[in-house]
Amino acid sequence: MEQKAEKLDRPGVPALDEILGVPFKVLDDGLIRVVDYMGDDQAIVQAARVSYGDGTKKTSDDRGLIRYLLRHRHTTPFEMCVLKLHVRVPMDAWRQWIRHRMSSTNETSTRYSIAIDSAQTTAPDQWRIQATDNKQGSDGWVEKGLGEQLTRDEAAFQNHARELYNQRLENGVAREQARKDLPLCTYTEAYWKMDLHNLLHFLSLRMDPHAQKEIRDYATIIGQEIVKRWVPLTWEAFEDYRMGSVFYSRIEHEIMAAIGGGNMEQAIAIATEAGWLKPSKKGGFIRHRERDELAGKLKTLNLTVPWE
Amino acid sequence: MEQKAEKLDRPGVPALDEILGVPFKVLDDGLIRVVDYMGDDQAIVQAARVSYGDGTKKTSDDRGLIRYLLRHRHTTPFEMCVLKLHVRVPMDAWRQWIRHRMSSTNETSTRYSIAIDSAQTTAPDQWRIQATDNKQGSDGWVEKGLGEQLTRDEAAFQNHARELYNQRLENGVAREQARKDLPLCTYTEAYWKMDLHNLLHFLSLRMDPHAQKEIRDYATIIGQEIVKRWVPLTWEAFEDYRMGSVFYSRIEHEIMAAIGGGNMEQAIAIATEAGWLKPSKKGGFIRHRERDELAGKLKTLNLTVPWE
Amino acid sequence: MEQKAEKLDRPGVPALDEILGVPFKVLDDGLIRVVDYMGDDQAIVQAARVSYGDGTKKTSDDRGLIRYLLRHRHTTPFEMCVLKLHVRVPMDAWRQWIRHRMSSTNETSTRYSIAIDSAQTTAPDQWRIQATDNKQGSDGWVEKGLGEQLTRDEAAFQNHARELYNQRLENGVAREQARKDLPLCTYTEAYWKMDLHNLLHFLSLRMDPHAQKEIRDYATIIGQEIVKRWVPLTWEAFEDYRMGSVFYSRIEHEIMAAIGGGNMEQAIAIATEAGWLKPSKKGGFIRHRERDELAGKLKTLNLTVPWE
Amino acid sequence: MEQKAEKLDRPGVPALDEILGVPFKVLDDGLIRVVDYMGDDQAIVQAARVSYGDGTKKTSDDRGLIRYLLRHRHTTPFEMCVLKLHVRVPMDAWRQWIRHRMSSTNETSTRYSIAIDSAQTTAPDQWRIQATDNKQGSDGWVEKGLGEQLTRDEAAFQNHARELYNQRLENGVAREQARKDLPLCTYTEAYWKMDLHNLLHFLSLRMDPHAQKEIRDYATIIGQEIVKRWVPLTWEAFEDYRMGSVFYSRIEHEIMAAIGGGNMEQAIAIATEAGWLKPSKKGGFIRHRERDELAGKLKTLNLTVPWE
């Protein structure tokens, strides 16, 4: 690259500096604050240009290059930016959060310190009903009277839990053991650091409608309030290319090409060969997940579903 | 999961056991051999079922579950399988290979041992021409006479390099310093271990037509000769859903939906709003990469390009 | 290395095959089982020899080479071995466990499935007292009558917790939300995979007397019952060089050399220069952690503490 | 921790800001520049205090806490600091460098761009002799006349290499193929990012006298010129506890305790039981590496070697 090598000023992002340390509230008693960061949109461009050199010249501007990188899943330049947060989050959401391994974490230890005296509570209108079509999700809210009862029971139970914990401590039981029956939703705090590439992956999974509401609330604030201020060009590209992006398999693509060419017979032949159209004894076809997934996509695209 | 806990036999894959240790030749003097492995298709299913429990019951068979996991980018179950290879590869291809960080590697040290006396050679009909439309690639082969000249020059140079190296050693120069002018294409050997999730990612990048031919030759053998024997259901799913798969961005998808619904005006309006259709002074539109990329996809799908 | 490249039999460890799938009981209702593994002591030797080539010839036998590698903290050859376990463990121990990031994990999801109906219980004689000299640890057990009371309270609380969970589920609350108040010590299950290098690091931290008893119980079984059978030479070296090993800083080493040479004045001069011997107003020295740590080590070595 | 949550100023290190972008020269044509960084000594303290809470109160000051963390190998707080460098380095040193996987890298691609027209050259007095007692190292320099000859041969060869590369390019050969015979010591450039924990590990290996001189020159500048300015308290602790630190195995420690207590017979008994003192047919003992290593350490400590 034969870079100019001269004294630099440290890169900074005034829009992010403005909110440094300022807490965003999440759930009933959670928070997120930016503690520090490294890099900005320009740092991504800089890293890409050292890699691809002349290959990036065609892309006249930084915005175009960032969009190109994200669209084509070039990931390493995004690793050059790093975000460090202070979070306060219920342990059960934290259990999901910490599964993202490419991060650095320092969490409050309840061996060293007394557990935070706060567990997440649920308002009467926030109790969610088990979804029937989605094993992992929820769908709607329970009716008012039941919600009120559930909230009262929750409060009584959390009082019981805290009394138990306090009595153990008062009786001299070691903190590491006294904590064993704390409710999963007890709040914990941590510093958490992640590079932008891994953070975008985290956000694409945790802002997704399939993510659990609690962690989704955190992820949405990280995305909409923090990353958007920090690296606005990257965020725009992320919204355009990752969120709302759709992925078609080879088979799906071949069927779509047949439909696009008006050749429904060929479309059906491809689906048949793929084993998607096995007749059911009751008439129609045997249930087939991939076929149903494509049918859903075709409807979104206003294209005819050949086998319906 | 409340798993049964009983004596197990160790999982094995007879089709892979048959080729354990047997070298596949690559390039003029390279090789790949399977040294050991852990897991099989069934191990992926087992790991998924512990995670998703009852959620996997709907998927009646293992093949369906593996295809579901790969289609929906559930990655952790694939980490439960591990492959260990012995490879012999030119150092310049190895430089690309080793960039995949989630691996374990033990490479021959040319500090401890004398460098392998073999550098990759190029046959007269294998000299590739610089591509003009793709900064990183090649396109076709040079003509015969020139190819013969290049191969002669290569041989003379590699002889020079080897003599230089040997003379340094004979003069007592330390191996770590004597090696400094070896050609990049000098062969090296290594044991290399990677889990299946990361291996599929490696293969999706390195079997891609945009990958350099040399590493693509290695990746293709790993995929077609080794992974296919090892985890045949996963390989089939990989071919169907990862290779030949196509991503559409939110904007692309919206334009396609408009085209699918026959509403070309809306399609053009979306593209215009996205800044894709800025008029050029010479007539037509200013060059725009995303627009051209979608046009290419639409043609593959036999759909009309609204702005052409 | 110019390896012979010939058909291999797959490496196996009969002593480990014998216990494959067999559960080791841990705590009141936990377990550990070996599900699969890759490699053995010989695989470590093989990887080291490819790296160091002729450099390993002096080490005539495999045991000597493995001991050399472990003593000198050569880590990559140990990555060539992999262990996969099925574990059943209280979530609060699991929270510590999962902090070791270089692993692959599939844990039962309590979004997809109902939580395991078992929480770790504590026998009356197993309630530990908070240590006073060690903020994170415990020291001795509470007296009998108190222990019995604590165990009764634990049982009553865990019943309350289970009833609450079941009532939520019966009332149609989504599993992902119903679980929020489960006690931290509720059992979970997982498949967990780690390479031997990282596993030894895990064991050195989690078998340590400072580790919490619960996870130490698991780690001890993994070490003593599993790793010892799997890679006996490595385990022996680990016990000799990592467990019970002691590390001396440059300053400590210099002070010891002065003591060894009988030069107590020099020893005191070094300690003084390091700021270890600042006089206290009450006589003696101001408290200094490093000084006290070295004094402890010197006593173990039967060497005179120069400043006492 | 119940942290105060208020507007923060972004942490910065004026001593490092002063050299931001300024190149340090390395070797004949290499360089290192700081491009950006995150965190400082205070960030390490902050992360440790959130983890250990009240447990850190005893350590009254930041310097003491950082020294405690480093001495006791608490690693995660050091991950909270990140350094980003621009480096220019010969590819053969880079091959060693990039083996440290926990980093982010963007290297100039010689597929996209023409290779840098510079290969590392060796002055006549810089040709090192192969060490005889250390398979991987060098020991002293060759005599003047030979050095001059080696330098002339190097220059001639590097000219040959460059001509070959240029001719291939002029003949239209693809860059990705033309580069195949470049000397290993051809310079490359990269942006390279690593957290402080991993960086200290990198430095402890690469500043070590056993590291190859070329990469040691880079590591020494990173340590002495950059890390020292950036996190001076951590650097001081690193020099005191990691560099020049010595490990003793359990066996070594037991032998030293016997020597310390003046009990030479016991020392010899322990060594004998460990198999260190097998008689040789020629008299004396059979060669034993561990025994010789301890003998060396004992001499440094001015302690008697019991078996000599």
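Chains here go by letter, A, B, C and D, matching the order in which they are written, and residues are numbered from 1 within each.
Basically, contacts are C-beta pairs under 8 Å (C-beta built on N, C-alpha and C of every residue); 3 or more make two chains touch, one makes a residue touch a chain.
Remember, predicted model here, so these are calculated numbers, not experimental data.
Subunit B and subunit D carry the same sequence, and matching their CA atoms takes a turn of 180 degrees, rounded to a multiple of 5. Ranked by separation of Cα centres from subunit A, the top chain is D.
In the contact between subunit A and subunit D, the residue numbers used by both copies make up over half of all numbers at that interface. A count of C-beta contacts for the chain pairs B-C and A-B puts B-C on top. With centres defined as mean CA coordinates, subunit D is found 31 Å away from subunit B. Here the CA centre of subunit B is 37 Å from the CA centre of subunit C. Separation between the centroids of subunit A and subunit B, computed from CA atoms only, is 27 Å.
Subunit C has residues 52, 54-55, 105, 109, 112, 135-136 in contact with two or more other chains.
Taken in their complex, subunit C has these residues touching subunit B: 1-3, 5-12, 17, 20-23, 31, 33, 35-39, 43, 46-48, 50-55, 76-77, 79-80, 82, 84, 86, 104-109, 112-113, 116, 189-191, 193, 195. In the complex of the two chains, the subunit A residues touching subunit C come out as 90-92, 95, 98-99, 101-103, 105, 109, 111-112, 119-120, 122, 127-131, 135-139, 142, 146, 150, 153-154, 157-158, 160-161, 164, 167-169, 171-177, 179-186, 212. Residues 52, 54-55, 59, 64, 67-68, 71, 135-136, 239-241, 243-251, 253, 256-258, 260-262, 289-290, 293, 300-303 of subunit D are the ones that touch subunit C when the two sit in their complex.
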